[in-house]
Amino acid sequence: MVPLLYFQLLGAALFGIGLYGALARRSAVLIILSIELMLNAVNINLIAAASYLNGIGRFAAFDGQIIAIFVITVAAAEVGLAFAIILRMYRNRGTINVDEINILKW
Amino acid sequence: METGLTTNLHLLTPEFALTALAFLVFTVDLFLPERSKEWLAGLAAASLLAVIAVALLMRPDQSAELYGGLMVVDGFGLFFKIFFCAIGLGIIALSVEYGRDRLQHRGEFYGLLLFSILGMNLLAMSRELLTAYISLELLSFSLYVLVAYGLREARSNEAGIKYIIIGVLSSAIMLYGLSNIYAALGTTYFTEIAADLAAPGDASPVLWVGIALLVVGLGFKLSAVPFHMWAPDAYEGAPLPVTAYLAIGSKAAAFALTLRLFAEAIVPAAARWDEWQLVIAVLAAITMLAGNLVALAQRNLKRLMAYSSIGHVGYALAGIAVLGSDFALAAKGVIFYLVVYAVTNLVVFAGITAYYNREGKDNIADLAGMADRQPFVAAAIAIGLFSLAGLPIFAGFTAKFYLFAAVADGGMLWLAGVAIFTSLVSLYYYLQVMRQMYIERPAHAEHNVAAHQEHAEHDNIHQHAAHDEPDPPIPPLQRPSILLTATMGIGLLVVVWLGIYPAPLLTLIETASAAILPLG
Amino acid sequence: MMANFDQVSLLLLVLVPLAGAVLTMFLPKDRPRDAWQFAIFVAAISFVISVVVFLRYDYAAAGVQFQREYAWIGHPLNISLHLGLNGIGAPLVLLNGIVLLGAVLISQTITRRTRDFFVLLLALGAGVYGVFIVRDLFFLFFFYELAVLPMYLLIGVWGSSTDFGTFLRTKEYGAMKLMLVLVAGSVLIWIGILALYVASSQAGEPTFNIDKLAQLQQNGAVSRITELWVFPLFAVGFGILAGLWPFHTWSPDGHVAAPTGVSMLHAGVLMKLGAFGIIQVGMLLTPQGAEVWMPVLIGLGTVNVIYGAISALSQNDLKYVIGYSSVSHMGYVLMGIATLHPVGLAGAVLQMFSHGIMTALMFAMVGAIYERAHIRDSFILNGLIKRMGTTTFFFAIAGLASLGLPGLSGFIAEFMVFTGAFRTYLPLAVLGVIGAAITAVYILRLLARSFFGEADPQWEHLTDASPVEKGVGGAFVVILIAVGVWPAPLLNVINTGVASALSVF
Amino acid sequence: MPLAFLIPVFSFAACPLIILFQRWLPLRGAPLAILAIAGGFVVWILATVGFLAASADHPACDVSPITHALTCHFTTTWFDAGVPSEIITDSIHLNWGMLIDPLTIVLLGLITFVALGVQLYSLEYMKGDPRFGWYYAWQALFVAAMLTLALADNFLLLYIAWELVGLCSYLLIGFWFENPGPREAAKKAFVVTRIGDVGLLVGILLLWVNVGSFSMTEAFAAAASGQLSDGVITASAILLLLGAMGKSAQFPFHVWLPDAMEGPTPVSALIHAATMVIAGVYLVARAYPIFAASPEALMVVASIGLVTALGAATIALVSTDLKRILAYSTVSHLGLMMLSLGALGWTAAVFHLMAHGFAKALLFLGAGSVMHGVGAHGDVDIRRVGGLRRAMPLTAAAFSIGALSLGGIPILSGFWSKDEILLAVSHNLPVIFIVLTMLTVFLSALYMARAMFVVFFGTQGEDSHHAHESPILMTGVLSILAVLAIGFGWIAFNWPGAFDGFGTFVFYDHAEGFHFNVVLGVLSILLAVGAFALAWLVYVRRTLSIQSWRARFAPVLRVVENRYYVDETYQWVIDRVVLTVSAALAFFDRAVVNDVGINGPADVVRKAGIALRLHVTGHVYTYALVVALGVIALAIFWWLRSV
């Protein structure tokens, strides 16, 4: 079967892409989305790992999946919260371009 | 094991109570008219007091696991629980007047405060990475909202956005680390991680990457350099009480987690410890340096406090770095330092808030002549700053001495040296604030603001000798609110008391640190 | 009854000024005179205590006396408030008692925020007392910092800025520099203390107690290497406060900015803390390092003497002259210490005492002049003796003391320093003697220029020193003469301290 | 005799009493000072009697192995520095101590007597001065210090007295400090002597280092016993000599003395005759065992003495101010004393010290009386006064006696003492010395004659019309001194039965009877008388004029009139060198040590902060980037550590 390493590499790649997006994008929304990508990399890692080290762990082989579910939930919450704040920003300043969001510096 | 899920849940009474009370605050908020929202503050405060009371009833000397070891109720947890609730009380005291004049939706404000405190409490008790993570997020979410609470203020929004983006990013990184650890060890329990770490044979890179990323995540919460950059903006943008809360509460919580994590997961793995010691030491060193140096160049008081708090994180981290050698001493040093730092900062922020409530200004230059306008507040801030700078009869001195002694004893005299040097630097900018409050006069301050900030303090060219006529007296400001005065008063008493006779507190800390004393 | 008093005398020495400071806070803000009188009351009590302590110190028995130990922080730091007075501390305690009282009395003229001023002044006094009487490094450092801490506000708030034409010295600058330089010194001290603590804890009995550490050192618990790099930390760290060249500039500038009372304490006792620290900590705890580094220290001390004297020669501002002369005179102290010779060291301690009184007197008188003339430029001031006879008389006596005129305390001290130095470092000692001659030149030029000479109409309005100032000045003059003629009472005590200080070599 | 310490103590006590209570005391407390010194005089007489009566079996006395003179010793502990113990090997123990030997006795006599005279005289002279009381206070202190100096038995005590003398001279010379003249003169006196004192102190300490004690007797014993190396002896001798040169106004430290006459004239009398300047000679005489042990040192002493004597004599010859002439004559005579000491003429030196003391006191008080009479304060230009003998006969007589005595006219005391010196010089020094000494003798006779004739004889000067004789008190003192100036010399030779000669009482090493070398005697008589005759012809008779000579020696004359430019040299050094250096140093201290050395680091730190803060750009993606970089750095760091 496919060695765990491959999955981990996939996860790493996804993580990297997400990170790149987070750095490269200028729209707050897109940055958040890239970060979601990173979180998905985490999930891949977790689930793959869970299925490979079955038997180990308190909750049979399910630790990984459980964690993944938590992660997804948290991620959803994060996005909601982030968008709320971004929206507020848009209302006040009419932009969500992080280039223009720099009153606070130094 | 399964039984662990159901038994002794009563030990979690404080947390359950806190949750319920938080919701209660939210609900009551719906029915209260706008003018009488102050009651919510009272309610929140009362609930915190209740929680403290309950926590005090528990036995600090024994530890009981919950949910099969996801959490533990022990002296360490209890200590921090009480500590956090006390901080919460302080923050509420800071918020009342400020909230009345400057914030909408105060109901949610206090509710969120309670939730964040709940998060911190859980953090102090969690013994497993996921649990820790979830509690951390609970804390963070509340903070994201609180930071962005100044709805109409661009600064507040911006702070919120930056905070949440970086926060989410680093939580993603932390999770990735978590996933790697899980992938490598198949567990996320601190103790088991320790066991596997200690196991002979070299571990897979995956594991190390995992731990490294975990540290990064913590670094973000601690705002350790180079993961600190959100802090100044968040501090400056956030409403003052929230700034105080960021500076005191979230840092304390993060350190609580760090202490337990290192104590239970990494210190026992002494075999592989030493190199990590160095990593943390370097982090600590650059954190102190960067924080204190950049603080020199600040004009905004909140921002200054942000950088100074970064510097202080550096000191505490230095304590973490030597956990390996003499754990008891180092842990006590760190906790003692945290407590002192919290109390002192509370005093300073109370002072700043008191001034801000009247003047609505938070630039350093705006403090000019404060000593004549709000003598007590000025004195409070001055003492607080002296304490932060580590000058005696104030707690800061004792705490620093204790902590640095621990660091030196841990074989890192050089790190102690850096710490001492940077606290000299910190004195430089604390004195600049002091100077505005006590020496400058507003009249001058106005047209000299530029001069003050661009040039060294000795370049400014106006003389007032002691003998020539003192400038026309500045109208004193309206007295600060009772709550703030009380906060400052009590805070000052504690600061001086801890500076002169810290022994009692140290015994408490003794029990707290004993609870997480690694067996290995 | 006295026996009981001895039990608590040292504690009182610190607590009285501290308590005084705290109580002063609660005096009514708008009644400066009350604050002043209360401060006098407190300072007087502490003065009496210091005198009694000095007299009660039994020099026949020698050693550390009036010992009391109060546990403070337990294992593993083992810090305890361990009080005890030795033969070197005793005269300095007395000195502080005298100067503090004098400074408080002189500060009658402080009118702005009088209450706060005396709070800080008394706190400073308490800190100085503390340093002289503790036997525990933590508390030594604690009080050391406590003594430095108030200086910033004392100078910054009540000081004065002066424009010297070519350059400007604002009180903000003076205060900030003083504070930062001194604390920079204490950074070094702190590191040194930690190093010693580490050594002790590696030896298995961690402690900050000076006597225990000395014991450990004697047992070889502190490695020679450690001592070699720790002693310079102490020498420079404490030396900075003693005006060690080239870290001395904080002192003259601080004086120029500081109000009279503060200048008195600053030059009178504060600078002594440094020298005391070198003896009490540097020499006692790291003797091997001391032996190696002393030649360097005496070299710097000699530089201090000559350099300070020559710079003073071309100063116009009275306070600068005195400030640099303090630098020069502390040079003698450093020389004396560095001789590691009984006579030289005793001379150094005696010099601390006499210089304390002498400079305090000078600053008091200069302050009196400044109060009235609002200027300190010795070229503009002229023929002061006409209007301010007594002031001139006192200032002249102090000046003569500082140029080492026999019959006044300064001479005995400097002479002893030379004696010690001649035995150990003859060429440098000769330079020191020459320095004394230079001192004569600038003091006499100053007297001839500003004090004697035909009365200048623009100073017709000046009035002579107030009764208080006369009282203080007179008392100080009496002390100067008494010590100069009959130094035995002081020296008997000092000798014992010196003997024990040198016993570790 | 044990009570001899009272001699200074009286006056010491008088000083503060006068200062504190002058407001209420009669005559501003002047009588107090006078009583004190009178008391001192009485005690001196008692002490002398006691001393003459005492012998080696007196508990406190014995015959010194070095000077072979009876020496009595009284001490009491003063203070210890460093208690001897197993740790502390060398420490110092100091005594208040009196060393009484013939030298001390005669010196005390001179001081007390002259001081008494001067203080009585001052009652009139200083009458109505606003600081009358202070004057007497300082007088008392001055005398007390000088007496202590003469009594001291250890070098430290001597040094202390020495410095106090300097201080009092400062206070008294600058007594009229309102005028720049006295002010500067006082400063000059103090500073110049102080420079010498550096040498003295160094010498004392050098002796201590090698002898291990400040006691004179021990030091002398060590020097005599050859326990000290020649180098040390010579070095310490020269160093002591430096001090002596400062006080005794020897070249090149003589500059302060002529200016010192800016002070009140009685003070000049005191300084020139009985205190201050003789201290130097006394020091050399006292420390003679050390000098005697080193021929080189003696040679230096002699040479300096000769140079000073000759140079000062020439200057005195061309000065036009009465007091300045007297001042330079003092310098010259001090030179002679030094010369004599250098020539092993110890007794002669001391003898001349006494003789000169009385004569010079007489002359100065005479000059003061002239000024009082003419009504001049400050300078008396001898070209503008003249023929005063009619107006003030007593003064004229007294002054003339003094002049003749110092000029070396036979049977006056000055003649005998000078003769002794010539004897010593001719015996023990190369021939060039005796020649030059003779020249000096001639010159000193000449200038004395000049001063005397011009002022009192010859034609009326314009300032001297309304001149009047001084009050009885002043003239009375003058007369007494005049008697001594005449008669003192006669105690030199032995009066069978009564007293067998000064030399047998005050001597070093071996008692000396009275010698008289006919050749030298005749020679010096001829020179002296010739000089006076010449002066008579020039200034009174005006039969021969010196204008042509003046013209011919104009350049030389200018050099001499400008006092060989010594003062100018000093001035130049002080202005151009010392002050420049110190100004430069002060600037260096501010600009380099402070602004660069101290402010520099602080600024660097602050600038570093300002630069560093730029990394917080305000753009959230940079924040993220830094976090990412942090992660990578951490990973790399760990990786490096782990492989």
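As written, the chain order gives the labels A, B, C and D, with residue 1 at the start of each chain.
As a working rule, a residue touches a chain if its C-beta (ideal position, glycine included) is under 8 Å from a C-beta of that chain, and two chains touch if they have at least 3 such contacts.
No experiment lies behind these values; they were computed from the predicted model shown.
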Between A-D and C-D, flag the pair that has more C-beta pairs in contact.
-> C-D
Quick one: most central chain, C-alpha centroids?
-> C
Among the chains, which has its CA centre at the largest distance from subunit A's?
-> D
Just how far, in Å, is the C-alpha centre of subunit D from the one of subunit A?
-> 97
Averaged-CA centre spacing for the pair subunit D and subunit C, given as whole angstrom = 37
List the centre-to-centre spacing of subunit B and subunit D in whole Å, with centres computed as mean CA coordinates.
-> 77
Between subunit A and subunit C, what is the separation of their C-alpha centroids in Å?
-> 64
Multi-chain contacts in subunit A: which residues touch at least two other chains?
-> 22, 28, 31, 98, 101-106
Multi-chain contact residues (two or more partners), subunit B | 161-162, 165, 169, 173, 232-233, 297, 428, 458
Provide the list of subunit D residues touching at least two other chains, using ranges where the numbers run on.
-> 599, 602, 613, 616, 618, 620, 624
Can you identify all of the chain pairs that touch?
-> A-B, A-D, B-C, B-D, C-D
What part of subunit C is in contact with subunit B in the complex they form?
-> 29, 71-74, 76-77, 110, 112-113, 138, 141-143, 145-146, 149, 152-153, 156-163, 168, 170-173, 175-177, 179-180, 183-184, 187, 190-191, 194-195, 197-198, 201, 206, 259, 370-371, 374
Subunit B contact footprint on subunit A (complex, rising order) = 4, 8, 11, 15, 18, 22, 28, 31-32, 35, 38-39, 41-43, 45-46, 48-50, 52-53, 56-58, 63-64, 66-67, 70-71, 74, 77-78, 81-82, 85-86, 88-89, 92-93, 98, 101-106
If you look only at subunit D, which of its residues touch subunit A in the complex?
-> 613-614, 616-621, 624-625, 628
Footprint of subunit C on subunit B - complex, ascending = 326, 328-329, 371, 375, 386, 391-393, 397, 401-402, 404-405, 408-409, 411, 413, 416-417, 420-421, 424, 427-428, 431, 434-435, 438-439, 457-458, 460-467, 470, 501-503, 506
Quick one: which bits of subunit D touch subunit B in the complex? Just the residue numbers, please.
-> 599, 602-603, 605-606, 608-610, 612-613, 615-616, 618, 620, 622-624, 626-627, 629-631, 633-635, 637-639, 641-642
